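Once you scroll down, you'll see the structures, which are given as structure tokens.
Two complexes are shown next, each including chain A; its partner changes from chain B in the first to chain C in the second.
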Partner chain A sequence: MKNYQLAAKDLETFFERILSSNLKLVAPVSTTQHIANLKSKTQILFKEIPTKEDIKKIISDTYTDMSAKEVFFPQSEPVIEYTHKKGGAVDIKDVEPTLKETVLFGSRPCDAFGFSLLEKLFSWDYDDPFFLKRRDKTTVISMGCTSPLESCFCTSVGLSPMSNIGSDILFTPVDNGERYLIEVVTPRGEKLIETINGAVTSTTTRQSIFTDGNTLVQNKNILEGKVKEQMKRKEDFKDISDILKDKFDDSQLESETYRCLGCGVCSMVCPTCHCFDIVDEGESSHGYRMKNWDSCSFALFTKHGGGHNPRDLQFKRCRQRYMHKLHYYREKFADALCVGCGRCVRACPVNLDIYSVVYNLKKAYANKKKDNKDNDNV
Partner chain B sequence: MTTNSNQSNQNANINYNDLQSEIRHLAKDLLESKKVRIVIGYGSGPLNSKPVPVFITDANDVDRLVYNEFCFNNLSIYLTKAEIKAKAPWAIVVKGCDARSVIGLVVENQIKRDDVFTIGVSCNGVKLEGNTLSKCDTCAVKNPSNINVNKVIGNIKTASSTSASTLDKELEQLNKMSAEERFQFWKNEFDRCIRCYGCRQICPHCFCNNCIAEKSAPQWISTTPGSRGNFAWNAIRAFHLVGRCVECMECSRACPMGIRLDLLNHYLAQEVRDSYNFVAGMDLEQKPPLTTYNLKDNQDFIK
Partner chain C sequence: MCSMNSTSTDKTELKNIYRPMLMKIISIADETKDTRTLRLEFSDQKEKDAFNFKAGQFGLYSAFGHGEAVFCISSSPSKKGYIECTFKKVGKVTVALRNLDIGDTVGFRGPYGNNFPIDNLKGKNLLFIGGGIGLAPLRSLIDNVLDLRSEFSNITILCGARSVSDFIYKGQIREWESRSDLKLVKTVDALTSPAEETEWKASNGRVGLIPKILADINPSANNTYAIVCGPPIMIKFTLQELEKLNFSRDKVITTLENRMKCGFGKCGRCNIGPIYICKEGPVFTAEELKNLPQSDF
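Entry: the complex of A and B
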């Protein structure tokens, strides 16, 4: 696939052209509401950029509080509409997801890898039309990371701050942010570049804002090496799957997760958590069956109708979350269900940290192995 | 003037190492003498500036306890958890604000006062991401000796600030709004709610075994994230906490969407103070006003 470059000053034009090509644009913006001098807390979230005037609000190179998974897998969406008719008949209709060609800008390489993991799941034993159709209609443009956060650990799960898996296009700020190297990863990405450069009408054409990017590849590679070097959290997650399998009943896993309070913050901010609840909303005569985000951290998640709960204590729920992410999913789909974005680490109110849990488990396992070996030698 | 500035200087220079070693020493004594079975305190976390709750059961492990200006968690939440309840008696490291939660739990019969040994640490405000939390502005319990704790550690002279806190100023703004504006403000806040229930799970006073948000026969609150259910959930939680919330503001800190629960809590506390002359979590003998009934109640404010 091709490489292009874009001058940083032309980024606004790039966004303008996305909007004028009748595409929906979703990008990170800072959201603070002000009413009569009263301020809510500032958050950085993915939001639709409806008009050209809103382009200035885009923060192109940032870390968002919530992941972008909701572009494909919204917090809440109707799946069935029901209407009770006179005489007892019920009219049930599938709800088709509303779709518009969309450009998601500013997700991170870790987020984008998350989309590819979700895609595997949502096209596994059943093709989930809601996720898959949205993914099919969306061009993902990721922004490579040049200054990862203290809590980031993408290299632990085999990624790099500038990897392109799951993205259609990858932007990397090079030459001190003066220009972007644009790597086109998929045909969908190439199509977007063509659209942006292409004819406005049959008679007028636009001037290309891109130039050849091959000369920047070397700069990116050097930068990538430097940024990887800067990252403090580097423990490889590869062996943790087998260790966890052994450790299911180990007291260490219990003590590591004992402080978990059972909220669902980690699942909600996670780019790969995908469990959902099905509930009916509406009146008896008419309503919708909804698909809402859920979390295995909630006590209600596995509570049976009769009152029994197989995961009766919080550490068991927390253990389930780690087992699913780092062991079960890996057994089924080859990759761990964690992309190292660190959002759960930053958001957890009691500072539970998946990276340090893995780190501590691995350390204990290595020590135990060493002890066993020493004993054998005696 | 001179005395004041000396005093604040002294307050600013809290020796955290001293506090920490005193906590460790006390924890060791309590565990060795079998006065408690578990010490709930702060330990060093995997990331700097973020200590974590730790649970010490072995006197040899007390060096895992740390104390510094980033110890913002209100650990009393753990006293309401079944796993911990089974391990009474406990010792718990509390700041003044957290000690108010412990009192609240005793007053509402969730724990027995004799089951808990409170290690009350003097505190001049805690920091989150570099900033002192706004709740610390007007804290009246910086030195927990004026509320019921078993042992006070550190010696801060409580000098309650007389200037209005940020929260007070914001509350004034809120009260100046028209009802429509105020409704819109809260609606916008609650609209962001993602129903992770972080607020409920971290709140020491949200101790119901079956939360109304989880009841399904009938379902009182829509569980779907969206205006209707979000408003109902946040409003009902607020109603349930009136006169019981001690303004530790942990819900506000836990909220990943930054909903202004701190402002809501402060508003409720103000209402309770004005209407009933009551402040939650200060007195073991006083029940929250909305949970008691008395023929001699002064109900002038309703008329």
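Entry: the complex of A and C
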């Protein structure tokens, strides 16, 4: 696939052309929510950029509080509509996801990899049309990271701050942010570049804003090496799956997860958590069947009708989350269900930190192995 | 790392996997004071003709406006044109389903999950053990087996309930009792009155928990499959008893009923260890269960 470059000063033009090509643009913006007139909370979130005037609100190179999985898998969405009619009959209608061609700009490489993990899950034998149709209509443009946060650990899960898996296009700021290297990863990405270049109004013809980018690849590679070097958290997660296999009832896993409060914030901010509930909302005469985000951290999540709850204690629920991410998902789909974005680490009210848990388990396991060896040698 | 696996197919054609089929309630039977059986018929002729399932599979039944609940299909796959579900009133959806009448519409998605390995059971002695509402998934298989009676060897049904009035399928149990080609043993945890005791004993009913009665009847494990359904605690002690009776674990079959929402491996709710009960279950051998983390049950 091709490489292009774009001068940083032309980024606004790029966004304008997306809008004038009649595409929906979603990008990170700072949003302030007022809660019951008392507090306000400012977060960086992915929002639709409806008009040209809104373009200046875009924060193009940033870390968002929530991941962009909502673009494909909204927090709450109707899946069917029901209407009760006379005589006990019911009418149901499919709800079609809104399907405008969309450009998602500014996700991180870790987020984009997360989309590809979700795609595997949502096409596992049964194709979930809601996720897959939206993914199919969206061009994902990720922004490579030049200054990862302290809590980031994408290299631990085999990614890099500038990896392109799951993105259609990857932007990387090079030459001190003066220009972007634009790597086209998929045919969908290439199509967008063509559209942007060809977006012509009736009165003006447009000049291409992209030039050849091959000369920047070398700069990016050097930068990528440097940024990886700067990252503090480097423990490799690869063998944690095998370690966890035997650690289900391990007391260390229990003590590591004991302080979990079960608030579920980790699942909400996570780019790959996909648990959901299905409930009917509306009046008895008319309403919608909804698919709503849920979390394995919640106490009622697995409670049986008969009252029995297999995960009756909080540490068991937290253990499930780690086992699912680091072991079960890997057994089924070859990758861990964690992309190292660090959002859960930043959001957790009791500083539960998946990276530290893995780090501590690995250390304990290595020591135990060493002890066993020493004993064997005695 | 794997590449994305479904980018090339046309996504606009994808069906809505959350859309239920519409079914009409054609009859209602009250099994106990809190357990009811609904017989359901597809409203759409095409869906009716195309529908097929195997004993052991389940579906999501919905009362529109209240939500969905998982029950097994308790009728036999050999009965065409309708399905039955038998459910206990425990919460929101089961209460709403009870409020519906004959002629009313319910939703059904399914069938989902694996099934009882009926082909492996052919030529074998079968020992069915059902506790409480666990008789529901068993009934689908028992009826299926009885429709093909000559293909199986000796059949024993051991069923138990908390009290005499807690038995589901009372009529059907009497029918099974009257057959000469199977042996039926029924037991209750306790009797509630001397009159009940007299009547129960007169009908050869026993008193005691299922694992104890199982030890009493002391079935041979030779060439025999045991199929066990019931509440988690009953399954646990029954499997232990079967082990004492020298049943090998791969000849002991049971079903699990974890909480479920989607039924097809997406909502992340039903797993025990790495196994998704909705996709890889709900039917397992005791051998398969042994390898799962016991503290996740």
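Criterion: the second predicted complex is superposed on the first by the 365 of 378 C-alpha atoms of A that agree within 3 Å, B and C clash if a C-alpha of one lies under 4 Å from a C-alpha of the other, contacts with A are read in each partner's own complex, and residues count from 1 in each chain.
We adopt the following convention: contacts are C-beta pairs under 8 Å (C-beta built on N, C-alpha and C of every residue); 3 or more make two chains touch, one makes a residue touch a chain.
Predicted model only: the values in this text are computed from it and were never measured.
Because the two structures share chain A, they can be overlaid on it, and in that overlay chain B and chain C fit beside each other without clashing.
Shared-chain residue A:258: touches chain B; no touch with chain C.
Of the two partners, chain B and chain C, it is C that touches more residues of chain A.
In the superposed model, A:277 lies in contact with both chain B and chain C.
Once the two complexes are laid over each other on the shared chain, residue contacts for A:345 go to chain B alone; chain C is not touched. In the superposition on chain A, A:311 makes contact with chain C only, while chain B stays out of contact range. By the touch criterion stated above, A:122 is placed in contact with chain C alone, chain B being left untouched.
Measuring only between alpha carbons, the smallest separation of chain B from chain C in this overlay is 5 Å.
Overlap of the chain B and chain C contact sets on chain A: residues 277, 279.
Within the complex, the chain A residues that touch chain C are 79-80, 82, 84, 87-90, 92, 94, 116, 119-129, 132-133, 135-136, 158, 165-166, 186, 248-249, 274-280, 282-285, 287, 289, 291, 294, 296, 301-306, 308, 310-311, 316, 320, 323-324, 327-328, 331-335.
For chain C in complex with chain A, the residues that touch the partner chain are 1-7, 11-12, 14-20, 22, 62, 64-69, 88, 90-91, 94, 100-101, 103-105, 107, 231-232, 257-259, 261-262, 264-269, 271-274, 279, 293, 295-297. Across the complex, chain B is touched by residues 33, 35-38, 40-43, 65-66, 75-76, 150-151, 258-259, 261-265, 267-269, 277, 279, 281, 290, 292-293, 295, 298, 300, 313-315, 345, 347, 349-353, 355-356, 359 of chain A. Remark: chain B residues 45-48, 50-55, 73, 77-78, 81-83, 170, 173-174, 176-177, 181, 184-185, 188-189, 192, 194-198, 200-202, 214, 222-226, 250, 253-254, 256-260 touch chain A in the complex.
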